[in-house]
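Several structures are given next for inspection.
Next come two complexes, and both contain chain A; in the first it sits with chain B, in the second with chain C.
The block that comes next holds the complex of A and B.
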């Protein structure tokens, strides 16, 4: 069971020096912009921007390669499914039809479909470098304080922080239980679907009770230390905003405004070259 | 937020961590992209009944968003929202089942299953596809088929595995009012 998950990677880069709050605001703005737009020009600009930002973060490609491969497979499979279900979705969207190949039966290939699928893949891909960057350059404990700073109640922010804190522990529990059950001949990685589902219960139940016990212990410890007594709380990892933070937020904000203007000035979120 | 107890906060955090681990290591793929038999939803349904709608809604939201972020690099928001909705919806029956007090009757099991089926059907067949169309302009028939597959497999998963979790847990609780004064 390979442990390949994204986590914080420490580097002395300008992106790392930004406060978590700045990065969170930037991430939210960027996600919003890419969510609304389907304009090829905007997507290309945002894509170039996110690749540029990635390169100044000093994160090397090979450090996050597994996630990018995983995502690439996922995005391509999704695009394939879109084509299989609706080979002429592009024609519906762009309202013209330039046939390239007649194909077999309903599986034609039109310029519009090719362009639509290019945009679909682009739309999914653009967000990935930024999201990955956000994850690997923001320390988990600072992330919680950032959530609180942008207005999320501190109890919820603390829950997020707990989740990040306990992922490795729960993973360890899961592995111990799975190994113990495997030693007894209860395997979840092979056999029929039904058998695997039945066997997975033998892991789920011990994991459930272990976790409930953990919840009990941790919440008692927090209660004993007076957690939740006040309406507000301070964060050990919180840093003050500096000039570079305001500049970064300014850039993110203007990029978002730009993308909304270009996307919606002609009344459609699609860029139509046909 | 003041009624959000420390125990619920911790249950949210650790619950989200368990949700992530289960989605990552205990999911069985079905062949349709983005869709697999998710034991994580059986767990989510259990937490909903034990800790109520706010905790479970947050476990769904936080767990799914972090899972997507850690594994794919970016959250798939349309489905993240549905996970939150499912936790919230199932959690609404927590007060009527009172799992802490044991005594899980057949009536309560039926109530649980009827609720989870309705909530998940709305979530996966209505909310998720509509958001996919609005955000990603994906073809309607593709997202509705995906939604229907997800709904079927998740309703079955919660119906079988989720119910078994509830029954197993209820057996460990001493029933309210089970003590009698000796004559």
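The block that comes next holds the complex of A and C.
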């Protein structure tokens, strides 16, 4: 199909070969490490690692462009909002004040604020590719089995994987419905914002009914095949851990430890160049 | 023999309904029996199936009167899980019931739920996959499979449980004729080898009777109107009373005034065909005038049309075709042959990669979807993809909103279209309260109201019983008589043979055949590409050594006369 986003993309790469559990543990460790630190040096190292992993995975930028661009817009909006609420947050954090522009009223621009926002954006630029990579290289049911293995109840785990599995189908439905609307002269991509919003609503109703239909059938099918009868279940897709998995977890663990040591050795989560 | 399923004085009313859907059902099914349950839509046959597999009352609660016993236990006391071990169900739409992404994973689903350990699980999956001939596909992704393969995977997923009873809800609904007959042959073999009880719910009787059954149960309005051996059922008028279509060769026998009696074994084509005699039929056929399609002026023309997502893999390689004004063309071909893509190119949903599309001589290749859709209307297969309003008249009016018509003109067109489509009495109804066939008609109306020159329909009769199928097709034929040009994507051979002036066979991104439907059905190699197969009338014609064309039109005409009595 033309554009699919966030569905599983099959490639013969080492990242794909890792078990779901390894990827899940790695993902959690990596995200924790990134969430805690504002240390520019650590973020740069983690960022390089994230880019490296992307290239090993053989996932091409083109295949996930939509999601990445979409989240990039949100990250920028988020940074903007941070500035609007607290234009001198950076000054509070780094405890110095190098003024660049006086600006209007409280909206000044300081080197500290600029550096703080740069770190904020950098942080997301490190996490988002890894999150996307995790989603597109982990087979949905394997994802479920790994969630289950690290202690999440299997019904919850399965629901998550089912949702992931249906993402491409729902996207397909969405496109068909949008086309059917366009064929009646109701284009979602034209007109004022209000008009577009109203038109989008016209797509949501059919999408809702189509999805409800899907849910009914699949839940019947699952009931008929004995889903949920037992407190536990086994997983066909679960693979045994191999050497490469232990190595990967080892790398993720040392990255996290490294990140924590560098971040906290001076008692602050921020790297202060001022 | 042991009774495995028994309904005694059983009635069932869905919680959301005031009238019972099943009334006074008496039925007992013995171990190892092959039972076919038939009936028109809304006759309660699927409800009966749900009472057997346990979806009723567990997923669809309601009022339960009388008794249902499964293996001598009260069905209400068995959980859905207990029942799944005794009764394996394959639902109608294999696509919608898959829970896994890959074949092996989906087959294993029931085993996972039973906590079978992994090594043993792969062992069972392999064994069952071999049984249904999908063992070479275990690592494939489900969306890469053909309809027939998907059905076999769904079947394998049920077989792993080793249930005594196999229940199939309309197994042929989503299959092309060839895949359908392969599926029936597989059921036949499995039942023979394992001796399990086989229950099939279907309304396509000719296709399903390609394998022997012990009994046919005919349902109408929630009751069983006949329960007998197939030979007896085909000899009386139960099927007619249920608005179902008899096998074509039985209709042919009635047309030829040949008595249909149980002792002639009408359920077996090979045996029964010997009852036909050549001479009287030849005489009767002489009275039949065969209508020949008269060419009219070309309306829609495609020249060297090409389409691809990726340069290396064209979906449509080179399409040249002409659709004449006031004709009905059917578009056939296997799943993935590019039929829907072609329809989307014509209706402007997608842009051609190269080539030209002309309408009335005018080049319309690069028109926007909004402009194109004024001239070429496309009715999608799933009505839910199109319906976005609450009531019938709102939905149909909504179709006109971008046309810039005056209020009076809109109202006039609206009323005219609603009447034309037989929806006028329902104009204020909420759409979600309509039946599938009525919804389909609403979507057709919402396109027709725009007064396009060409109407394209994707599988308009899929999942419809004979009565609704005939209603829709007779309606479309009336539109054609009024000058509409129609293009229909279908797998249904009857539709191709009975209603189309021209058939286009799409294979490997090209049109391999365009012309008269009968000539296509007489060419074995093309039939293979099309995944179509000859109907039983061809067997009759071959046996009698007569031309199939007049025989076909005679039987179709006789059938239409019978249908008139329904109204």
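The definition used in the following text is that the second predicted complex is superposed on the first by the 201 of 274 C-alpha atoms of A that agree within 3 Å, B and C clash if a C-alpha of one lies under 4 Å from a C-alpha of the other, contacts with A are read in each partner's own complex, and residues count from 1 in each chain.
Note that in this section a contact is a pair of C-beta atoms (placed from the backbone, for glycine too) under 8 Å apart; a residue touches a chain by one contact, two chains touch by 3 or more.
Everything numeric here is computed off the predicted structure, so don't read it as measured data.
Contacts of A:203 after superposition on the shared chain: both chain B and chain C are touched. More residues of chain A lie in contact with B than with the other chain of the pair chain B and chain C.
In the superposition on chain A, A:71 makes contact with chain B only, not with chain C.
By the touch criterion defined above, A:176 reaches chain C but does not reach chain B. Touch criterion not met for A:251: it reaches neither chain B nor chain C. By the touch criterion defined above, A:117 lies against neither chain B nor chain C after alignment on the C-alpha atoms of chain A.
Once the two complexes are laid over each other on the shared chain, residue contacts for A:214 go to chain B and to chain C alike. By the touch criterion defined above, A:35 reaches chain B but does not reach chain C.
Once chain A of one complex is fitted onto chain A of the other, the partner contacts of A:223 extend to both chain B and chain C.
After overlaying the two complexes on the shared chain, residue contacts for A:159 are found with chain B alone; chain C is out of touch.
Taken together, the two complexes place residues 1, 162, 165, 203, 205, 209, 214, 218-219, 222-223, 227-228 of chain A in contact with chain B and also with chain C. Those residues of chain A that touch chain B in the shared complex are 1, 5-7, 31, 35, 38, 64, 67-68, 70-71, 74, 77-78, 80-82, 84-86, 89, 93, 120, 123, 127-128, 130-132, 135, 153, 155-156, 158-167, 169-171, 174, 178, 188, 193, 196-197, 200-201, 203-205, 207-209, 211, 214-216, 218-219, 222-223, 227-228, 269-270. Touching chain A in their complex are the following residues of chain B: 1, 4-7, 9-18, 20-22, 24-26, 28, 32-34, 37, 39, 42-43, 46, 58, 62-63, 66, 69-75, 77, 135-142, 145-146, 157, 160-161, 164-165, 168-169, 172.
Of all residues in chain A, those touching chain C in their complex are 1-2, 8, 10, 139-141, 162, 165, 173, 176-177, 179-187, 202-203, 205-206, 209-210, 213-214, 217-230, 232-238. On the chain C side of its complex with chain A, the touching residues are 53-55, 58-59, 79-81, 84-85, 89, 91, 93, 96-102, 104-105, 108-118, 121-122, 125, 141, 157-158, 161, 309, 344, 347-349, 369-370, 372-373, 377-378, 380, 382, 384-388, 398-399, 401-403, 432, 446, 450.
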